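Following are the structures in question.
One chain, subunit A, links the two complexes that follow: it is found with subunit B in the first and with subunit C in the second.
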Partner chain A sequence: MKLVRLLIDRLYDIRALNKLKPLIDAVDAAMFGPAETTEGGPHIVDNVDLKRYMSYVIVALLPATLASIYFYGWSVLRIIIVSYIVGGVVEVIFAIVRKKEIHEGFLVTGLIFPLVLPPTTPLWVVAVGVVFGVLFGKEMFGGTGRNIFNPALVGRLFITIAFPAIMTTNWQVPFTDAITSATPLAVYKTTGSMASIYDLFVGKTAGSMGETCRIAIIFGGLFLIFTKVSNWRIPVSYIGTVFVFAAIGNRLAPGSIAPPLFQVLTGGLLFGALFMATDPVTSPFTRMGKYSFGILCGILTVLIRSFSGYVEGVMFSIVIMNALAPLIDHIVLMLKYRPVKI
Partner chain B sequence: MLLRKLLGDQGYKTVKKGMCDEHPIFAAGLGICSALAISNKVENAIAMGAGVTFVLIATAVMISTLRSLIPLRVRIITYMIIIASFVITVQMFLDAFSPTISEALGPYVGLIITNCIIMGRAEAFFMQNKVYHSVLDAISNGLAYSCTLIAISVVREVLGFGTLLGISVMPDSYEKWVVMTMAPGAFFLLGIAIWISKTISERRSEESKA
Partner chain C sequence: MSMQKKLSGIIPKYKRFPRGYEFKNFEGQPEENLTQTGTPARVTIPLRQGFGNEVAPIVKSGQKVAAGQIIGRDDESVSNPVHSSVNGKVVEIEKIDYLGRETGAVVIESDGTGDWQMLEGHSSKWEDLSAEKIGELIYLSGAGSAGTAGIPTRFNSSVIVPEEVENVIIQGVGSQVHNLSLNVLLRGEGLSHFIEGLKILKKMMAGAQFHLALNRSQKSLIKSVSQLLPTDDSINFFTVPGKYPVERDEVLTPLLLEAGFPYGYCTANVGVIVLDIQAVLHVYEAVVEGKPLIERTIALCGPGFMEKPHVKARIGSSLEHVIKGEVNADKNLRFVLNSSLTGESLSDSSLPIDRTFTTIIALLEENEREFLFFVRPGFRKDSYSRTCLSILFRKNSRMFQKSCGTNIHGERRPCIFCTFCEEVCPVGIIPHLLFHYVEKDVIDETLLKYKIFNCVECNLCSYVCPSKIPVAQRIKEGKAKLLDEGCKCPVPSVVLKGVEKYKSVK
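Let's turn to the complex of A and B:
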């Protein structure tokens, strides 16, 4: 311990490394915790800060990550490492150029991003996606906390549109190496047959790495909600809307709209609703805003799944709603606090 | 410095303004529409850049010669007539000598008429300056526009089609970036380019202040 402390102090002293100060700060904080303390009141008497939020999300993502490693083998780990390293480099470059400290936000983005990719994604595509996500999803708007869109989704969206052949046709079946098949949603769209609920729950179907094992996702999501790191309103209204809308739609148009339980358990819905739509930066902050955000996300998801050329709509609907989130808040505040007419 | 001697002091300033400080796309944000639409292939970008540069130069000559004769109240209409006649020349030239490019550019050749660079320069520069400086301004603006277009189109064509000027430059296993062939790809590239150029120019102005 002392040796590390000494080494870091020595790094601070070297004049030539002054430019790399954000990097050294980050290492220092990771090893010993941040040195700064808030001065002056009022305080919340708790050590709530961005770091703790972020580490809770990482803990919540662990079950899904471990499940995907169990299902798809060590290549998952390779993709995660590439995502962390490449995205981290972009982050560090921006911190150095802008002379700001490195934010912990990337720890979450760097883990969520690989989890929503197909397990067979080539490593260079992963790198392109994470660079694009961090650059256009976050840094362009001024860094952590100022982004309009979820950076991981921006990256995923870009590579989906840029490389449709890689991103939409090759889905590895769990426990096997190279056999590719369609995802349950795609199978339903083309043939109308559905995967069994048990398979969907455990994760024995094809899909993105982190989204298949629903039990692990629900577990992690509940952990986040019970520790109050994420709010329950968005996931509940999102998933609830998908369920209700699919139940009604399935009655009216059974051919194109899948039954409710199947809708909820397939694709990235649970992962998206529990980990991505709840991102506090890109979702509304008012209570009514959160409900309407979730409801609109749900409607869009079912509509895109059933009536568009794309098989899965969670990613698109969350990004579209991200763009509308400030507007929703604005409307809610306007309705709630109407200026008094004189 | 040779350039400075060659063009005269004011001429050099005009060129420098057109090429860097008041770069039509990066600094003034003009001509974005055609820059997004036409930059998918290098071939098209060259044709478009040449067309716009030609129209700019010809308009510069015409307007700066006639500038004392043009009544101020109908000046915009006068610009339109002058610009439109040159644009039609370009269109007929393309139709006659390279129908394929003409087809690829589609309506965008005709839309050079509404290209803000030409109107903007006519209103801001050609009306107030003599022929020589106007032509210098037209050349520098046209070159700046063409260079940007070509630079973006090189990236887009190589990434999106795996070719350069129609010649395949990437290995067979190359995975094409479909997004680069669509308008969003141009948006992202142009965005990055403007971002970089703004950052650099801001740095520069801060340095000159300090």
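Let's turn to the complex of A and C:
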């Protein structure tokens, strides 16, 4: 402990590293809690800071991460490391240029982003995606807390559109090196046959790295809701809507709308609903807004899956709803609070 | 049947309070013993204590005074008399900087004796006293200054008169981090004195409905109170969860009465008087025993005290005199009055104690950096989120009591809209929304629209914020700026009483 202190103090003393001060500050703050005390009113405060808050998202993602390493091998780890390093460099450069502290939000983005990629994604595509996501998803808006879109989704969206061949047809079958173009949703769309519920639960189907093992995702998501790090309102309304809408839709148009349980357990729905739609910064903050956000996400997801050229709609629906989140809040506040004249 | 009812007593009605936050299992709770601090050699009596305006001194320097003698009184303005708490001689009348404002104070040197002068006309048969006389005894004893609006009597002790009181709420909720133990106040004769005190108040404010609210966790107290309360429904008995800040007047009143509340006004303005248990005991002592308010029971709490007794101290004793011998001198401490969330910081130990003291909390000044702070499991760390392991040890665990120090526990970060502040806000406003407007210097009707004046300044939003934003402080600033620009909170659609009088209380 004293050694670490000594080392960090040495880093501060080296003049050549003056430019890297935000980075050293970040290391310092991560190693040691603050020395600052309250100024009174309140005299004592909660023990949780954003570091702990964000690190719990990572803890919740660990089961899904470990499952993906188990299914797809160590290449998953390589992709995660590339995502962290490249994204981290962008974050640090921005902090240095802006002379601001480095924020914790990146720790989450850096892990969520690789988990929504196909396991065979080339490392350079991962790098391009994470740079785009951090740059245009977050830093352009002014950093954590001010971004409109979920940075991981912005990156994913960009490479999906920029490199469609890599991103939509290269799905690795778990435990093998075989490549298939058919995820369960794609199979359903072309042939109408469905993967077994058990396979979907455990993760023995093709899909993005982190989103196939549903048990791990549900476990992590419930953990986040229990610890109050994420709010239950969005995932409940999102998944609930997909289920109800698919149940009704499957009756009316059985050819194009898949049955409810299959809808819930396929694609990125659980991962998206539990880890991406719940991002507090890019979703509405009002309670009614959260419900509406989840319901609209659910409707959009089913519609895109069933009636568009794409097989999966979770990413698009969350990004579209991210853009609408401020409007939803505005409407909810307008309905709830009457203007006052002075 | 009626026999059975008498045995089981009155069953309290439970009132759910979905908001707020319960502080559980914090270290430094006071022990259930009571010690006397003895007669101090010198007291400084502030001329404004509790509710009311500052009174003018009616004694001169050099004059001999007796304990219990009125030394400051002003019958014209809304105020309550102030007494000497010791027998002795006035040495000085000075101005002191007291709890954030300049106040006149009378310094008295004590002769060391401990007796006091009784109030004239008190009677152990209080039933025979007229309501008028009871009011006079309450006023002359100084007990009238209790609560945020005083106890109404004929003597300008509150902003309204007894006939205008519609509801009287007596609360022993104790939802703070550290609370005075009611078992200490009500042990032995205390409980029956309290019930008598209630009846005395009821006689004086005959037209009012009485309500008693206790913390639902105080099971044995609830049981004994329910057996002693009159069975004729003249007192509504409630239990509430100990979720901070449910004990605040502006929160408890609408909760118990199931009515709207004109936030920004005092409870007396809607005919409601809120008192705590100690105030009722002061009323009993004044009317039945003839004892003026010259002593307070104060709980010494927090990790900075070695023993944590309740002490009975003469008003005007210096802080030093009250806490001496109990302080852990090795540690860097911060003394806080009554509440770790909203209390004044007591930085000068020569300052006197007054009638408003209930707890003195000694918090640790944690200005040392903790190695790998954010990854430590947190067996002793409190959090609104459930990310610390302290949630596993909530039921009075001696081993893992939560620490309470003044460290801010993290770096300041931008708001991420986690809505913790909204979830805990006791009045249901959206603190982070108001914060953003004030931060951007939008000081206009938008703030009124989002009900900034509903804020009761409980500071809970600042407590729970994981981004360590001083949300409550900004909201307070926003209010102050609005008032500067001449904005007032929108007048509610209720008949307000004594508003002009209340405004005159400085």
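One rule holds for everything that comes next: the second predicted complex is superposed on the first by the 325 of 342 C-alpha atoms of A that agree within 3 Å, B and C clash if a C-alpha of one lies under 4 Å from a C-alpha of the other, contacts with A are read in each partner's own complex, and residues count from 1 in each chain.
By our rule, a contact is a pair of C-beta atoms (placed from the backbone, for glycine too) under 8 Å apart; a residue touches a chain by one contact, two chains touch by 3 or more.
On a predicted model such as this, the values are computed, not experimentally measured, just so you know.
Of the two partner chains, subunit B is the only one that A:Ala162 touches; subunit C does not reach it.
In the superposition on chain A, A:Glu101 makes contact with subunit C only, while subunit B stays out of contact range. Within the superposed three-chain arrangement, the count of touched residues of subunit A is higher for C, of the candidates subunit B and subunit C. In the superposition on chain A, A:Leu62 contacts neither subunit B nor subunit C.
Contact with subunit B, but none with subunit C, is seen for A:Phe136 once the two complexes are overlaid on the shared chain.
Using the contact criterion defined above for the overlaid structures, shared-chain residue A:Arg146 touches subunit C, although it does not reach subunit B.
Those residues of subunit A that touch subunit C in the complex are listed here as 1, 4, 29-53, 55-56, 101, 103-105, 143-146, 226-229, 231, 280-281, 283, 285-286, 333, 337-342. Looking at the complex, you find that subunit C touches subunit A at residues 177, 334, 336, 340-345, 361, 363, 365-375, 378, 381-388, 404-411, 413-420, 422, 430, 432-433, 444-445, 448-451, 459-460, 462-468, 470, 472-473, 487, 490. For subunit B in complex with subunit A, the residues that touch the partner chain are 175, 177-180, 182, 184, 188, 191, 195. Only residues 122, 125, 136, 140, 158, 161-166 of subunit A touch subunit B when the two sit together in their complex.
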